[in-house]
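Pasting the structures here.
Two complexes, one shared chain (subunit A), two partners (subunit B, subunit C).
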Partner chain A sequence: MDPMVIFDAGLALALVALSWAVLASADRFASVVLFIVLGLMVALAWVRLGAPDVALAEAAIGAGVTGALLLATLRHLRGQPEAPPSPAPVRWAVGGMVAAVTAALAAVVVALVAAPRPEGLAGAVADNLAMSGVEHPVTAVLLNFRAHDTLMEVVVLLVAVVVVWAIDRGLAPAHAPQGPLVDLGPVQDGFARLALPAAVLLGAYLLWAGAHAPGGAFQGGAVLAAVGILAILAGRWRPEPRHRAWARAAFGLGATVFVLVALGVGLGPRVAYEYPLTLAKPLILTIEAAVTLSIAATLAALFFGREPAGLTVPNTVPNTVPSTARGGRP
Partner chain B sequence: MTAPGPDLIYGLAGLGMFAMGLYVAMTGTEALRRVLALKICAIGASFLLIVAAWRATPDGIDAVPHALVITGIVVMVSAMAVALALIRRIRALEDAHAAAGTPAAPPRPAPRRRTRPQQGTPR
Partner chain C sequence: MNIGAMTLAEAAGLGLMALGAGFFIAGTVGMLRFPDAVSRLHALTKADTLGLGLVVLGAMVMAATPGAVLRLGLIWICVALAGALGAQLIAAFVRRSGDGSGE
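Let's look at the complex of A and B:
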């Protein structure tokens, strides 16, 4: 038997078992840790399926940054009792519906695999790769052929950080990350000292490599965001109110540069995103650099959660209900 | 009979993840677990896209679904960040109610209606 089939079957079983464990575990902390492991396993499966870019994005964003966000939220949920399960009729009805959808999809997957596979868009991408300005197909699709999608994705991130800042503004003081951060000891500090410069280099390399190999703005940005998260955790840097203007500028930079380049290209006889061949690579790298900075700043801010201004709000009296309502105003 | 290829194996695994995630997202009663379930559901859906893009020859692999999945991962982390911020906010409101002695009403606390009359009293 082909050893790869054994590997595939083992990994597929591990994926399903880990998903089950994440969803069924009674302990929230165990759930989150298993979820991070699951994200890395998923990345491994995607490498096997010839999608190294997606695997990098999933490992960095789906497992790494999302895991950090989950662990940061977990702290607030400590001591909360488990809610009772949904009523049995609801569970049966939903279970039946999910089973029907899954059975239909399973038939589709089996038919898809059995039938001769159509070429898809691989040929179209390969034919036009020379005109895109970059040599890596995924980057060409993201930044050139489907650039409008990617612009909208950057805007979604921008909206997310605006919304999170707005929601966290009303957090009661007890829930806000306040006061000196916990001192995690010399191990954390030593690790940060060694890992931070290496991670900055890795993030910049991923951005540059995206033009001709797996990598790109999103993977590089997520690694740089991890630098920010590690710096915050190790106490090497802490966001303060005076950083807000810079943070806002960084959040908006990617979308702004992207739109300006698209409009600038569209001013001439070309349509937006139709970069001139000689300028395509510099333009794409300019956009990617700006987007990388925005992603790094946004993801790190999403981890920190509360807008730094909230730290200066004087302690409201925790014993009265209106204190939360008052905290809602800056 | 030939051995199953990675497309079939991972396609079915992704489908299993999609089904589990969908079920828990719709029947779960704990917010954090429902968010995790949605993400697992999204991973399962991504598996179907990646499997559809897979070909036995490296040159035949389709880059467009890969780009779509990368977009999906970034949109999902944005959605999760907002969902987690809402979870933190709900917990803070419940704690404030517990501290003030009002019943927290676990399923759906209605802070707005309760806070307004009390806000008005000091005036």
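Let's look at the complex of A and C:
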């Protein structure tokens, strides 16, 4: 027997147990931490399934950025009572639905094991990889063969941040701009000075590597978003009203470049996304670079959670952090 | 894997990884058993940094290319730095919130 089967079985059990623990945990904070751990385990599962691209995205976005968003949400909920448990009929109904879905999935898995494996699209992708402009099949699918789907994903992110900013206009007085509540100290400062530039490099590397290896715009963008989140948390950067125009430009950049390239290609004798072979790689990398910036700006803005000094709140605390606490930076 | 076919590098690598896993287990036990947050941190960070170092060292011994060795070293440095920072932030928080005995 393959010894990895034992590992896989343990991983599968851990996923189920962690999912249960996330839902059953009475404490919000514990629940969020368990969710982050669950995300990392899911990333490991994707590695075991031979999908390193998905694993990178899951670790960076599913565990990292989503975890940060949930922790930021917790901070807004601080001091509010835990919601009472749902009434019993609701819980039973939800439990019944979950059981039905699980049973259906199990039936599908069993049927799939017995059925002859249908020929997927992997062969078609491999046959046409040379025409895609990149050497990594996942990037070829995302940015060339199925580029329209990817454009829609980029648009979804854009819509999300637009909605968050719009909602926040009504809610803004509820939570004032947050900076670091306390001085995080010199160790944190030194770490940020060291880690943030390195993480920027890593994000750019992931973007570049996506052309021939696992990586790409979403993974690189998530790492760059983490840089933004760390910079906000560490008080090294505070979004201000005058940044709003830049932020809007960054949010829209990815979708705009994507659409312009598609239109530009489509205006000729070709259809949209049918990049000319010689230009395919530069065009794909251009789109990916723009999308990376948009994803980074969008995710960081979602973490900040509000328009910088929204319309209903005057610019209350522009510079409350003593500059001396941050190594004398102005 | 056939034991007889194992090369010296593989044996050394697996041995180092097993030793590293031992440190992880010790650190986990320490985190679960120690009474207060600061000594839990002590158990966790010491064991994790050393444990991951040994696992990385084991992977380095078995790595195929010098580039992989360098990248593994970089991973260890990054995780060690992040772990040290996290522990320092948690310890500072514990100290600020008054008692070292609570969570």
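In this text, the second predicted complex is superposed on the first by the 297 of 330 C-alpha atoms of A that agree within 3 Å, B and C clash if a C-alpha of one lies under 4 Å from a C-alpha of the other, contacts with A are read in each partner's own complex, and residues count from 1 in each chain.
As a working rule, a contact is a pair of C-beta atoms (placed from the backbone, for glycine too) under 8 Å apart; a residue touches a chain by one contact, two chains touch by 3 or more.
These figures come from a predicted structure and were not determined experimentally.
The superposed arrangement places subunit B and subunit C next to each other on subunit A without a clash. Residue contacts after overlaying the shared chain place A:49 against subunit B, while subunit C stays out of touching range. Once the two complexes are overlaid on the shared chain, A:195 sits against subunit C while remaining clear of subunit B.
Using the contact criterion defined above for the overlaid structures, shared-chain residue A:16 touches subunit B, although it does not reach subunit C. Of the two partner chains, neither subunit B nor subunit C is touched by A:128. In the superposition on chain A, A:185 contacts subunit C only, with no contact to subunit B. Think of it this way: put the two complexes on top of each other by chain A, and the tightest Cα contact between subunit B and subunit C is 17 Å.
For subunit C in complex with subunit A, the residues that touch the partner chain are 78, 81-82, 84-85, 88-89, 92, 96. Taken together, the subunit A residues at the contact with subunit B in this complex read 1-2, 4-5, 8-9, 11-13, 15-16, 19-20, 22-23, 28, 31-32, 35, 38, 42, 45-46, 48-51, 53-54, 57-58, 61-62, 65-66, 69-70, 72-74, 76-77, 80, 82-86, 90-91, 94-95, 98-99, 101-102, 105-106, 109-110, 112-113, 117, 119-122, 125-126, 137-138, 140-142, 145-146, 149-150, 153, 156-157, 159-161, 163-164, 167-168, 170-172, 174-175, 216, 218, 295, 299, 302, 305, 318-325. Note for the complex: subunit B touches subunit A at residues 3-24, 26-30, 32-33, 36-37, 39-40, 43, 46-48, 50-55, 58-71, 73-82, 84-89, 91-93, 95-97, 99-100, 102, 106-107, 111, 114-115, 118-119. Interface residues of subunit A facing subunit C in the complex, by the touch rule stated above, are 182, 184-185, 187-188, 191, 194-195, 198.
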